[in-house]
Amino acid sequence: MSERFDRGVAAINDLGGGYEAIFEPMADIAPDLSRFVAEFAFGDLYTRPGLEPPERQLLTIAALVALGGVEAQLKFHIGAALNVGVPPAKVVETIYHCLAYTGFPRTVNAMRIAKSVLADRGLLPV
Amino acid sequence: MSERFDRGVAAINDLGGGYEAIFEPMADIAPDLSRFVAEFAFGDLYTRPGLEPPERQLLTIAALVALGGVEAQLKFHIGAALNVGVPPAKVVETIYHCLAYTGFPRTVNAMRIAKSVLADRGLLPV
Amino acid sequence: MSERFDRGVAAINDLGGGYEAIFEPMADIAPDLSRFVAEFAFGDLYTRPGLEPPERQLLTIAALVALGGVEAQLKFHIGAALNVGVPPAKVVETIYHCLAYTGFPRTVNAMRIAKSVLADRGLLPV
Amino acid sequence: MSERFDRGVAAINDLGGGYEAIFEPMADIAPDLSRFVAEFAFGDLYTRPGLEPPERQLLTIAALVALGGVEAQLKFHIGAALNVGVPPAKVVETIYHCLAYTGFPRTVNAMRIAKSVLADRGLLPV
Amino acid sequence: MSERFDRGVAAINDLGGGYEAIFEPMADIAPDLSRFVAEFAFGDLYTRPGLEPPERQLLTIAALVALGGVEAQLKFHIGAALNVGVPPAKVVETIYHCLAYTGFPRTVNAMRIAKSVLADRGLLPV
Amino acid sequence: MSERFDRGVAAINDLGGGYEAIFEPMADIAPDLSRFVAEFAFGDLYTRPGLEPPERQLLTIAALVALGGVEAQLKFHIGAALNVGVPPAKVVETIYHCLAYTGFPRTVNAMRIAKSVLADRGLLPV
């Protein structure tokens, strides 16, 4: 694979894993989709200078809350935020912040996902 | 007005102004809407501990890129990000980051708005 | 044309006109689109029993605020709400109500459109 | 708690309950989120004059259908609509009305949620 | 029923069935919703000249990927695409194509639905 | 630049140009954004086998109609569709098709953009 791919996989590994659960199912239908995730989303974008991984995780959470309907991705990226050292309270605060821009339903749904991730790790109460 | 209102207005002022252009037009139709912005969006949410104003501005930009169709708000919050000390390159990087989550059209549109804000302030090229 | 078409056009006329400005441009590219609006949106749906035109206008406004990016339709339907007797304050209140579900940006943008419609009719301040 | 909080809780109780199922899970992760729902969504917005609770429930349903991906909230607000005296047929008619603005998929999904709420209460067929 | 209805039902049947699973539940709550699907979505729109059923299925998949939160409809229309002769690889390629416009989360979610449909039919690996 | 870049630029050129108007403004703020469009959107995705350029243009239009708020991109891709030999009537039919999935407002707005593109090329009436 390319240097972009290796760089992207390294970035994904730095986020602490769990990605396989999302992308392994792509192996027999769309293997290039996992490759694009590694090469483009992580190799090209995520590893750019100017933002640190914890910052990128919070931005990702904000974008996903606004997008709606992307529970699996929210779950992965909240977990990854914790893995790169974002304190649970800061994840929670990021979701609160979205309230003004996306309204209560999307925000409440995101907070419930955050709760499930934090509960699985024994990090409740925040 | 309430302490929440005063706290919110102070937070808005700390972002460097320009807000009047968005909310003054509400005076003769929905004055409580401006009040709710000050009291709730800024007084209750924005001034919570746990995230600093520069971080909140980047989160806001990410949420607005994902939301789409909110050009006036993107323009205001990109300007406010600069006002609270976010370097132009970091605003740009935040928009790049959204590419993976929201696709090219929303991202390109947001970057064009960022360009107009930066151009108005003589901050180009980044 | 069909009975559905005639019923739909009558419903549109009852809303007070202005629809031509949206659909006349369709005549040389997609005339069936205007026909579907008349037959389906108005002839089939709008004229069903169980909700009165003023109620339908308020529901339409709420759906359009949540949808985002549909300024021309918001403008038409706010005007139509006024035409069927909805008081300006109730249009405004409907937009306020959306704040909890769609966040500030979409709501503020909708209120600005409401303001332009009310201003054009000399109905400000509310 | 504040007068806004008490007023909001009273408004929620007037909708007939069931809210705890959505917000109790927030107690150990984001207790202020439930507080903001009570204070802002219900205390500030819902209790404003100009729209009655049954009207607000129908508007809420229309906004949620358009928003998409907010099944838990649709379920709660359809139930609340019934609790404040909206006839089942009017809930159904509100969802039909959204067809013109949000297309078939979002509308059909909303109707299926309405069906589950009505079935649980023995209110089918409508 | 009308000629439009019969034409629509024939078009649905040509897609290979499975539609009953979505619309049968509407019988006791909103029977006209199924009728509108047959009459309008299929009788009026789907059977228009200018696009063949396989093309329409691919367009539908692209629109549903972009819409988000419409899993049941994606599942039906991916199955229908296969039923009208679209090769599995072309369904997959359509979802890949959406990556540029809708970002990774919506695309990955759609690909997982495609995988479940293809797996049920023993069509994996593609 | 890379082979991916060259392949992408060639694909863009095959679409008949006009892209510069969208991406030239990125030169002094986010030059990598144009590069990613060329490398990823066109070099990686667009040139994959399995779908021909005319098919890809129709899929793109459907996704953009559903996305909403992306007028500049709709304008470019409708023009590009014509450039690669899609008959005007087929562009129009693609937008009609979206009516069932995205509702009238997004569809009508897209048809108005199609009209402006077709009018500029003297292709009306369709």
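Lettered A, B, C, D, E and F in written order, each chain numbered from 1.
Please note the rule applied: contacts are C-beta pairs under 8 Å (C-beta built on N, C-alpha and C of every residue); 3 or more make two chains touch, one makes a residue touch a chain.
The structure presented is a predicted model; accordingly, all values stated were derived computationally and were not measured.
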Where chain E and chain F overlap in contact partners, by chain label: A, B, C, D
Chain D reached from chain A - shortest hop count over touching chains: 1
From the options A-D, A-B or B-C, the pair that copies E-F, where over half of the contact pairs coincide: A-B
Chain copies touching (chain C, chain D) - same or different residues, decided at half shared: same
Longest centre-to-centre distance from chain E, chain (CA-based): B
Most remote chain, CA-based centroid, reference being chain D: F
Selected pair, greater C-beta contact count between C-E and D-F: D-F
Computed distance of Cα centres, chain F from chain C, in Å: 30
CA centroid of chain B to CA centroid of chain E, Å: 39
Where chain B touches two or more other chains, by residue: 32, 36, 40-41, 48, 64, 67-69, 73, 92, 96, 99-105
Contacting residues of chain A [partner chain E, same complex]: 22-23, 25-30, 32-33, 36-37, 41, 64, 67-70, 72-73
List of chain C residues in touch with chain B within their complex: 68-69, 92, 95-96, 99, 103-109, 111-112, 114-115, 118, 124-126
For the chain F and chain D complex, residues of the former touching the latter: 99-105
Chain E contact footprint on chain C (complex, rising order): 32, 36, 40, 44, 48
Complex contacts: residues of chain B adjacent to chain A: 40-41, 45-46, 48, 50-51, 55-56, 58-60, 62-67, 73, 89-90, 92-94, 96-102
